[in-house]
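Look for chain A in each of the two complexes below; its partner is chain B in the first and chain C in the second.
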Partner chain A sequence: MLWWQNLPFFSIMLCIFSAAVCSVLPRRAARVWAPSVTGIILVMSVLLTAQVRSCGNSFVFTMGHFPAPWGNEIRAGLLEAVAACVFFAIMLLSVIAGGEHLSEDIMPDKQNLYCVTLCLAGAALLVMIYTNDLFTAYVFLEIMTLGACSLIMAQSRGRTLLAATRYMILNLLGSGLFLMGLVLMYGITGHLLMEPLREYIDTVLLKDGLSAPFCMSVALMSTGLAVKSGLFPFHTWLPDSYTYGTPSSAAILSSLVCKGYIFLLIKIFLRVIGMETVRRTGICNVLFVLGAGGILMGSLTAIQQKDIRRMISFSSVAQIGYIYMGIGLGSELGMIGAIFQIFAHGVAKSMLFLSAAGLSRVSGGSGLFHDLRGAGYRCPAAGAAFTVGAFSMTGIPFFGGFIVKVLLSEAAMLAGTFRMTAALLLLAVSAVLNTLYFLKTVITLYRAQDEPAAQGAHVSSAFKWGMCCFIALNMTLGIFSQPVVTAIRMGLSMFD
Partner chain B sequence: MLAGLSVNYEEAAAVILFGIGLANLLLQRNLIKKIVGFGMMDSGIYLFLASIGYVKGAGAPIIENGVTHASAYINPVPGGLVLTGIVVSVSVTALMLALTVRLYKRYHTLDIDEITYLSRREER
Partner chain C sequence: MKKKNENSRPRRFEKWVVKGSAALDRHLMRELEAGVGEKPFESERIVRREEHREEMRARAWLNERLIYIKLHERMRTKGERRIHAVYMLLATFAVILIIGALLYTVSQMPPSGSPDAPAFNTVAERYIENGLEETGAVNIVAGMILDYRAFDTLGESNVLFLAICSVLLLLRVKLDRKGGVVEGPPGSGEDDLRYEPQDDMILQNLADVLVPFILLLGLYIVFNGHLSPGGGFSGGAVMGAGLILYVNAHGYSGTRRFRLFSYGMFRWATFAALAFYAMSKCYSFFTGANHLKSIVGTGTAGSIFSAGLILPLNICVGFVVAFTMYGFYTLFRKGDF
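This part shows the complex of A and B:
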C-alpha cells in the first residue's frame, strides 16, 4: 500500500478526534483548533487529488481485519478527492469569515461546543464521501443530522430553537425512510458493501426483471435523501434553519450538509444500483419533475421575500432543483452538470450567506431590503462578494452558474423531445426569475441613500479576507471550469 | 398475496409499525407524541431487521460443541445492525427531548403550532 492511500482514513480520524479534543479545550484554543484541522484536511485532500490524478485509478482501503464481503471499506477516486477539497475549502472560509458573528451570536461558554459540532459534521461529510459501506453511510448520516441540528440551535433564540426542531422532525423522517430502504435492500441481497451489492443486483436480481421490493427499496432510499437535502415539496424545514442560524451555520448547512446527502445519493445511483437500472425504475422521472417544481417554486417564493437571508434561502430551493433536474436527465452529461452544480452552488451560496450577514451588519443589523440601500458602499468587500455570488446564481458568463447551465442544456439536448423542451424552457424561465430577484438586490445595495443610514458596526479584516478568497474561488471555478469538468468525468469513470 | 402476508407476518407487522410511527411523527402536534412516533418508526425497522436475520431452529451465533457449520447459527450481522441502530436512535431521541425541554421552558407549551405562533409574536 502506498503512503497516500492512508490519507482518507487519517483525515476522517483526525476530524473525529479533534471533535473530542475541542470539547475539553478552552474557548480560544478550540476556536483556533477547529479551523486549523479543517485546513490540514484541505491540504490532505489536495495531496490525495494530485496523487489519484497522477495514478489514474481509484483504490479501496480495508478497515479492520475482515476482507470484502464482510468487512468495512473506504474507497477513494478522483471525484471523492475533488469533492473533499471543495467542501473543506468552503468550510474553512465560512468559519474564518463568519468568526466575528460566531463570537457575538453564541454564548462564550458554548463556543467550544460549536467547534465540536463543526468537527463532527466535517467527519460525517468525509465518511459520506469516502465510505464504501451503506450502513456506515446511514450511521454518519445521522451524525451529520445531529451535528447540523446543533449548528442551527447554537444561538439561543426562540426562532432558532423552533427552526432546529422543524429541521430535526423532517430529517428524522428522511433518515427513517432511508434506513427502511437500506434494510429492505439488505433483506433482498444480503450485502451492505457497494461492490458486492452491485454484482448481486446485476447478476442475480435483474435476471428476471425488476421486482417490486427492489424498486420500493430504491424509491425509499431516494426519497429519504431527497427529504434530507431539501428537494421541493419537502423543503419546508429549509428557509427557517438557514435564516435564523448564525451566518457560518447557514453557509455550512446550505453548502456542505445538503450537498453531502446528494453526493451519497449519486454514489448509490451510480455505484450500487447502476444508472441504467435507475432509469428503468422510473425514479429519474420523479426526480426530474420535483427538481423542476423546486426551480419554479423556489424562485417564485424568493421574489416575494423582504429579508435578504430569507431570499437567499428560497433561492437554495431553486438551486437544489437544478441538481435534481441534472440527475433526473439520467445521462452522464446530466450527472456531470449536477455534480458541477453541487460545487458551484456550494461555493456561491456560502459566500452569499456570509456577505449578506456582513451587509446587514453595516446597516444596523437589519436584513430588510429597505434598510440595505447603499450597503454596498458601506462595506465594499461584502458588496463585491454578493455581486459575484448573484452573477454566478443568475448564470452570467465567467461564473460557475453559467457553466452549470451550459452543461445542463447540453445534457437536455441529448435527452428525449419532451425532456429537452421541458428542461430548456425551465432553464430560460428560471434565468429570468433569478435575474429578477438577484439583480434587484444588487441594485438596491448600490443605490444612493436618501437619508443617512443607521450607523452599524464595522466588519473585521478576517471577514474581508474571507470574502476576497471566496470571490477568487468563485472566479476560478467559473474561468477554469474545464479542468474541473474533466476531473468530474474522470472521477465518474472510476466509479465503475 | 394474503398467503405471503401470513408467512411473512413479522415483516408485515414491522411495516405497519413503521407506518404508524411515520404518521405520528408527521401529523401529531404534540412534540412528545412526535418523539414517541419516531421511536415506533425505528422499532418497526429493527423488528424487520431482526426477522431477516432469524433462521428457524438455528442457535445464537456463538460456536457451541465444536459445530462450525454456518447452517447451525442465525445470521449475526442484522443483530449488529440493530444494536448500532438503537444507539443512533437513542442519541437522536436525547437531542430531540433536550430541544423539547428548552422549547417548553421558553413557551410553556408542547404544541408545535402554538410555539410557532408565540415565537412569531415574540420576534415582532
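This part shows the complex of A and C:
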C-alpha cells in the first residue's frame, strides 16, 4: 500500500481524536485547534486529489485486519477526494470568517463544546464521503444529525431552540426511514459493504425482476436522505434552522451537512443499486418531480421574505431542488450537473450566509431589507461577496451557477421530449425568479441611504479575508470549471 | 467524636429500630406543637424566595398560555379550519398507505430464522466459526463489534460523546462552590431534588446495600465482556444506573464527597477513554490495512487477559457510557455535576 492511500484514514481519525482533545482544551486553544485541524485535513485532501489523479485508480482501505464482507472499509477515488477538498475549504473559511460572531453568540465556557461538535461533524462528513459500508454510513449519519442539531442550538435563544427541536424531529424521522431501508436491504441480501452488496443484487436479486422489499428498501433510503437534506415537501425544518443559528453554523449546515447526505445518496445509487436499476424502480421520476416542486416553491417563498437570511434559506430549498432534478434526469450528464451543483451551491451559499451576517452587523444587527439599504458601502467586502454569490445563484456566466445550468440543460436535451420540456421550462422560470429576489437584494445593498445608519459596529479583518477567499473560490470554480467537470466525470467512472 | 457517632445514620437507624415508631410520633408531636407544620421554613428569607419563585412560575405559565392561544387563534377562520381538516385527512390517508405498503413488504421478506435466509451467508459463517481464533474473544458479539467491525463501534461511542456534549451545550449552567449560578438565565441551576423527601431512610439504607453490588456487577460485565455476554455498553449502563440510585438516595452532597464527580473529572475521564480508544484503534486499523504485524496478540482464549484490544476497549466504552448516563441525569435535574 502506498503512503498516500493512508490519507483518508488519517484524516478521519484526526477529526475523531481532535474532538476528544477539544473537550479538555481551554477555550482559546480549542478555538485555534478546530480550524487548524480543518486546515490540515484540507491539505491532506489536496495531496490525495493530486495523487489519485496521477494514479488514475480508486483504492480500498481496510479498517482492521479483515477484508471486504467481514470488516469495515473505506474507499477513495477522485470524486471523493475532490469533494473532501471543497467541503473542508468551505468549513475552514466558514469557521474563520464567522469567528467573531461565534465569540459573541456562544457563551465563553461552551465554545470548546462547539469545537467538539465541529470536529465530529467534520469526521461524519469525511466518513460519508469515503465510506464503503452502509452501516458505517448510518452510524456517522447519526453523528451528523446530532452535531448539526447542537450547531444550531449552540446559541441558546428561544428561536434557535425551537428551530433545533424542529430539526431534530424531522431529521430523526429521516434517520429512522434510512435505517428501516438498511434493515430491509440487509434482510434480503445479507451484506452491508457496498461491493458485495452490488454483486449480490446484480447476480441474485435482480434475476427474477424487482421484488417488493428491494423497491421498498431503495425508496425508504432515498426518502430518509431526502428528508434530511431538505427536499421540497420535507423542507419545513430548513428555514428556521438556517436563519436563527450563528452564521458559521448556518453556512456549515447549508453547504456541508445537507450536501453530505446527498453525496451519500448518490453513492448508494451509483455504487450499491446501480443507476439502471434506480431508473427501473421509478424513483428517479419522483425525485425529478419533487426537485421541480422545490425549485418553484423555494423561489416563490423566497420572494415574499423580508429578512435577508430567511430569503437565502428559502433559496437553498430551490437550489437543492436543482440537485435532485439533476439526479432525477437519470443520466450521467445529469449526475455530473447535480454534483457540480453540490460544489457550486456549497461554495456560494456559505458565502451568502456569512456575508449576510456581516451586512446586518454593520446595519445595527437587523436583517430586514429596509435596514440594509446602503450596507454594501458600509462593509465593501461583504457587499462584494453577496453580489458574487447572487450572480452565481442567478446563473450569470463566469460563475458556478451558470455551469450548473449549462450542464443540466445539456442533460435535459438528451432525456426525452417530456423531461426536456419540463426541465428547460423550470430552468427558465427559476432563472427569472432567482433574478427577481437576488438582484433586488443587491440593488437594495447599493442604494443610497436616506439617513446615516447606526455607526460603531465594524467587521473584523478575519471576516474580510475570509470573504476575499470565498470570492476567489467562487470565481475559480466558475471560470476554471472544466478541470472540475473532468474530475467529476473521472471520479464517476471510478465508481464502477 | 462521640457526638458525631450519635448522629450518624447507622446510630439513627438503630435508635429508630430499637425505640420503634413511638419516638417518631413524639418527634412529630413536638414539631406540630412548635408550629412547624404551619410554617415549613424557618427563615423569612426562604419564604420570600419561595413566594417569588411561585410568582415567576405563574407568570411563565400565563405566558405559555398566551402563546398557545395566539397560535390557535390563527386557525379560527373558517377557511383555515377547513384546510386543517383536509390536511389531517390527507395525513391520515398517507400514514395508512405507508403502513399498508410496509406490511406488504414484510410479508414478502424471507421468513425470519429460516436457514435459507440470505443473512446466513459466508459473513455470519466466518464470524461464528473463526471468531474465537481470529479475535480471541469467547463472546462472539464482542469480537464482532470490537474487532471485525470496530470502526462502527468507534462511531457509536462518539455518538454518545456527542450526545453528552450537546446536552452540556444546552443545559449546563456554571455553578460556584455553594451551588449559586455564576452565569445563565435566572431560575437555572435550581436543584429540584430539594422538592423531594430528604433523607428517606428506607431508600438510603437500601441504596447503601445495593449500590456496591450494582457497581461491582457493572464492572464484572465490563471486564468479562470478551468472555461472557455483556461488554462496555451494557456494563456501563448498569454502573450508570447504580450511580443514579446513589444520587437519589443521598443527594449531590453525597456524590460530591468523592472528587470523581465533578465537571473537570468528567471531562478528563471521557477524554482519556476516547483518546485511548481512538489511538489504539488507529494503530490497529493502520497495521491491518498496511499488512503489518500488530504487536497485540490474542492470548489464550478464556483467560481474563486475552482477546487483544477488546478488554481495554470495553473498559473505555464502559466508562464513557456510565459517565454519559450519570451526566444526562444530573444535567437534566440541575444543570451541573
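In the analysis below, the second predicted complex is superposed on the first by the 495 of 496 C-alpha atoms of A that agree within 3 Å, B and C clash if a C-alpha of one lies under 4 Å from a C-alpha of the other, contacts with A are read in each partner's own complex, and residues count from 1 in each chain.
Note that a residue touches a chain if its C-beta (ideal position, glycine included) is under 8 Å from a C-beta of that chain, and two chains touch if they have at least 3 such contacts.
Predicted model only: the values in this text are computed from it and were never measured.
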In the superposed arrangement, does A:107 touch chain B (first), chain C (second), both or neither?
second
Determine, under the contact definition given at the top, whether A:416 touches first (chain B), second (chain C), both, or neither.
neither
With both complexes superposed on chain A, which partner does A:149 reach: first (chain B), second (chain C), both or neither?
both
State whether A:211 touches chain B only (first), chain C only (second), both chains, or neither.
second
Comparing chain C with chain B, which touches more residues belonging to chain A?
C
A:186 contacts which: chain B (first), chain C (second), both, neither?
both
Answer with first, second, both or neither: which of chain B and chain C does A:69 touch in the superposed model?
second
State whether A:173 touches chain B only (first), chain C only (second), both chains, or neither.
first
Touched partner set for A:159, first chain B, second chain C, both or neither
first
After lining up the shared chain so the two structures overlap, which partner does A:233 touch, if you call chain B first and chain C second: first, second, both or neither?
neither
Footprint intersection on chain A (chain B / chain C) at 135, 139, 142, 146, 149-150, 153, 156, 161, 184, 186-187
Provide the residue numbers of chain B that touch chain A in the complex, in ascending order.
18, 21-22, 25-26, 31, 34, 38, 41-42, 45, 48-49, 52, 77-78, 81, 84-85, 88, 91-92, 95-96, 99-100, 102-103, 106-107, 112, 115-116, 118-119, 122-123
Under the touch definition given earlier, write down the residues of chain A that touch chain C in their complex.
1, 6, 9, 13, 16-17, 19-21, 23-24, 61-66, 69-72, 107, 109-110, 113-114, 116-117, 120, 123, 127, 133, 135-136, 139-140, 142-143, 146-147, 149-150, 153-154, 156, 161, 184, 186-191, 200, 204, 211-213, 216
Tell me, which parts of chain A touch chain B in their complex?
135, 138-139, 142, 145-146, 149-150, 153, 156, 158-159, 161-162, 164-165, 168-169, 172-173, 175-176, 179-180, 183-184, 186-187, 192
Can you list the residues on chain C that touch chain A in the complex?
101-102, 104-105, 108-110, 117-124, 126-127, 134, 147-152, 154-156, 158-159, 161-163, 165-166, 168-170, 172, 174, 183, 267-268, 270-271, 274-275, 278-279, 281-282, 284-291, 294
